[in-house]
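Labels run A, B and C following the written order; every chain starts at residue 1.
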Amino acid sequence: MSIIEARGLTKSFVQAVKEPGLKGALKHLVTPRNITKVAVHPLDLSIETGETVAYVGPNGAGKSTTIKMLSGILKPSGGSISVNGINPYKKRMENAARIGAVFGQRTQLWWDIPIVESFSLLKDIYQIPDPVYRNNLEQFIELLGMNEFIHLSARKLSLGQRMRADLAAALLHNPPIVYLDEPTIGLDVSVKQKIREFIKKINHEQQTTVMLTTHDLGDIEDLCRRLIIIDHGRIIYDGSLSEVKSRFARSRIIFFQVGSPMPELFAELNRTPGIRFTLQNDQEFSVAFDRYEYTASDVVSRVMRHGEVIDFRMEDANIEQVIKAVYDGNLDLNQQAQ
Amino acid sequence: MRVSQMFYLYRRLYVQQLKAILEYNKDFYILMCSAALTQVLGFVFLWVIYDRIPDINGWQFWEVTFMYAMIFVTEGIGSLFFEGTWRMSRLVNLGEMDRYLLRPVPVVLQVFCTGIGINGLGNLLIGGVIIGQSLVHGNVHWTPGKILIILLLLITAVIIRVAINLAANSAAFWIKNAGNAFPLMVHNLADLAKYPLSLFPQAVRVFVSTVLPYAFISFYPATYIFGKSGWSGWWMLAPVAALGSMAAAYGIFRFGLSRYESTGN
Amino acid sequence: MSAISLKKYRSIANRSLQNVLAYRTSYVIGFLANTVNLLAIYFLWQGIYSGRSDVAGYSWDQMKTYLLVTFLANSVLSWYSETSISGKILDGSVAMDLLKPLDFQSARFSETLGASLLEGGMSAVLLTLFASFLSGITLPHSPLVYVLFILSLICAILVKFGVVYLAALLCFWSTGSLGIVWTRIAVTNLLSGALVPLAFFPDWLERLALWLPFQSIIHTPTMIFLQQAGTAESLNLIALQAFWGLVLWFAGKAMWNWAVRQVTIHGG
């Protein structure tokens, strides 16, 4: 059985329909009218031990609701879940002991007490054995660079510091599963990098299963091999990241730096269909092409026929474009996959 | 989770909370004094009345002050050790309950240590003095057994008070964004138990003995301690009331928690 | 004050009224809570009067009326207005008010009046209901008494506002309002006669209470309503209320100026 397994998992919320004003409030009191809003339509999910899964979708798509059901916070309206072999809602405490979670916008730390004391409280809460705790603490402080702020209280930390402390707090007890909801939201590049490295290391060394929701496509490309896209409470894609890219991200760009200007090449490329050419300056330009029509070596050898190439680098199309297309409703993954 | 482990965790969380309060909320002695003052003035109120009349419905001054102080003392213990129940509407409406649900610790325990009402210390202090004075000046026949029973009644009184607070504050799961209004109303109903039950109509007596058993905090213990005829024996139901309200409160809380919807997307 | 600036404050009062309506759930529940207190106190007094026709010069019928009038006078300017003033100071939104072309004190008083209108109205309805179930409420017959009573009630709001406002300004020096509000309520309740008529007090305490402004809030309106004061004396009492109202108003102004200076210095 997979480490996370959901069958027909669904969640709906009942919302009261109130007309405005005092009259509406009174009317609601006598004859309450409610509508049921489905946040998550029946969905199936199975995630294996050690996987890193990106769970993405636009705001309000049902990402957080799913994560909250998997972590035992919300009671599902229907379907079944098994996480680490147990039902996370029915056996909340047992489940909680074996998962870690970071909810980006909300800290799990105690606001008024020093981080290091928060950690020591967590040690007692999760009943972490002494050697494990000491070892993890030492390692995490080092990896996440927490030395400078470990003695400050959470309220005094910057967002980046707090997020690092939260991440450490979520992993102190070596949970086999960790849910990360927007772990890099609002952070600068260097902190993002630290956090990603840390997650990679934990995943690699401890086989920790990582489920990540994010709007940051860098996170996804850097950390995840599997991508699940949810929209309007339904999963619209579940597969490998590279497959999405190879299927739907067809464009590839090569940046060149050359020894001397190449006017003939420029003219030639501009006439070729399927190739887009952009000049940065006389000796630097980029060539974008459809990777199914041309190979990279095609393009490079063509350029080299016209003169000396000093340097070049290649960039694959960003997953961002794919997901954006799906969000905008311009791309239906399932249809094209067939 | 073992009970000893729970006590240990409660203490750890509580001490951390206390440290935070001492550091950030410099206001606590104002709160403490104002709570004490409120109580003293309530005492003055009774004193002014008894200065004019010898008894109310056969109840002497020190007997009524005992009841009055019991309501305040249990409230004080509630503020001091279980203040977190009053933060429930915030925890629910701002989705802060998420954090508690993610930890392998009973949620109710975490709710209890969400805050500390230092004002409880003022209640405890003044209330303790008044109870002490009431027992000294009131006509009490002391036996070792009686002391034991009084201690037991004190414990059941605290349990009842905290249970009612927990149950009333669980309303936050149903009434959204109403602040503390509903639990405050329930809390105010304890006023009915500050004075002898015999003053009230039958409906009120039944209400504060069953639905909200405040009378087992103050009135029934008073009938036992001061040997009031006509009510003898009723105090023995105090442990039943305590266990009943505890079970009911926990049930209501759990049921509310199952309706918890968190916030956000 | 010119007509235009009056209009400004009227719109503040209006907004405050709508605010109370917006928080009606909490408001209604809070109101019910007060009613419970009234019931508890009512039965206590009934017990006190059982077998006695007169305590400290009040008959049971007079005492019933006293309790209802006290409830009415206490229900205007409720918790809501009180905490909204200190709340502004504590959460720092007072800084925004300093930027507006409004006098802080007048603006808060307008808000209070707006909310009081609703609160007073609701209490009046409830009291009418309550009174219709009770026998022996002594209502005055002369319309003049009602005019005087309403006048004195308005002055009582002014005095109560003065006390509340001064207490709220103390929040400039504290980190929370609860303790201050509790103390304010405890002291006001005792010394205004809200708990027990001042006539019940021992001599020295009664004399002390009469020298303080608090008695204007409850003691004076009840005296007028119960016709314990004649017309001339009533007018004197109302003048005294107005005097206290003005003294507190200017004290509030002085304290505000001082507090704002202090805060500006703190803020650098």
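Methods note: a residue touches a chain if its C-beta (ideal position, glycine included) is under 8 Å from a C-beta of that chain, and two chains touch if they have at least 3 such contacts.
Worth saying up front: this structure is predicted, and the values here are computed from it rather than measured.
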{"item": "Middle chain, criterion being Cα centroid separation", "value": "B"}
{"item": "Pair of chains with maximal C-beta contact number", "value": "B-C"}
{"item": "Chain A and chain B, separation of their C-alpha mean positions in angstrom", "value": "47"}
{"item": "Inter-centroid spacing, chain C versus chain B (mean Cα positions, whole Å)", "value": "29"}
{"item": "Distance from the mean Cα position of chain C to that of chain A, given in whole angstrom", "value": "57"}
{"item": "Chain A residues counted as touching two or more neighbouring chains", "value": "none"}
{"item": "Sequence positions of chain B contacting 2 or more other chains", "value": "24"}
{"item": "Junction residues of chain C - those touching two or more other chains", "value": "none"}
{"item": "Residues on chain A engaged by chain B in the complex (per definition of touch)", "value": "13, 59-65, 68, 71-75, 92-94, 96-97, 99, 101, 103, 105-106, 108, 110-113, 117, 121, 124-127"}
{"item": "Touch list for chain C against partner chain B, complex", "value": "25-27, 29-30, 32-34, 36-37, 39-41, 43-44, 46-48, 50, 52, 55-56, 174-176, 178-180, 182-183, 185-187, 189-190, 195-196, 200-202, 205"}
{"item": "Chain B residues within the chain A interface of the complex", "value": "1, 5, 8-9, 12-13, 16, 19-20, 23-24, 95-99, 101-106, 258, 260-262, 264-265"}
{"item": "Partner chain C, residues of chain B touching it in the complex", "value": "24-27, 30-35, 37-38, 41, 44-45, 48-49, 51-53, 56-57, 119, 175, 178-179, 181-182, 184-185, 188-189, 191-192, 194-196, 198-201, 204"}
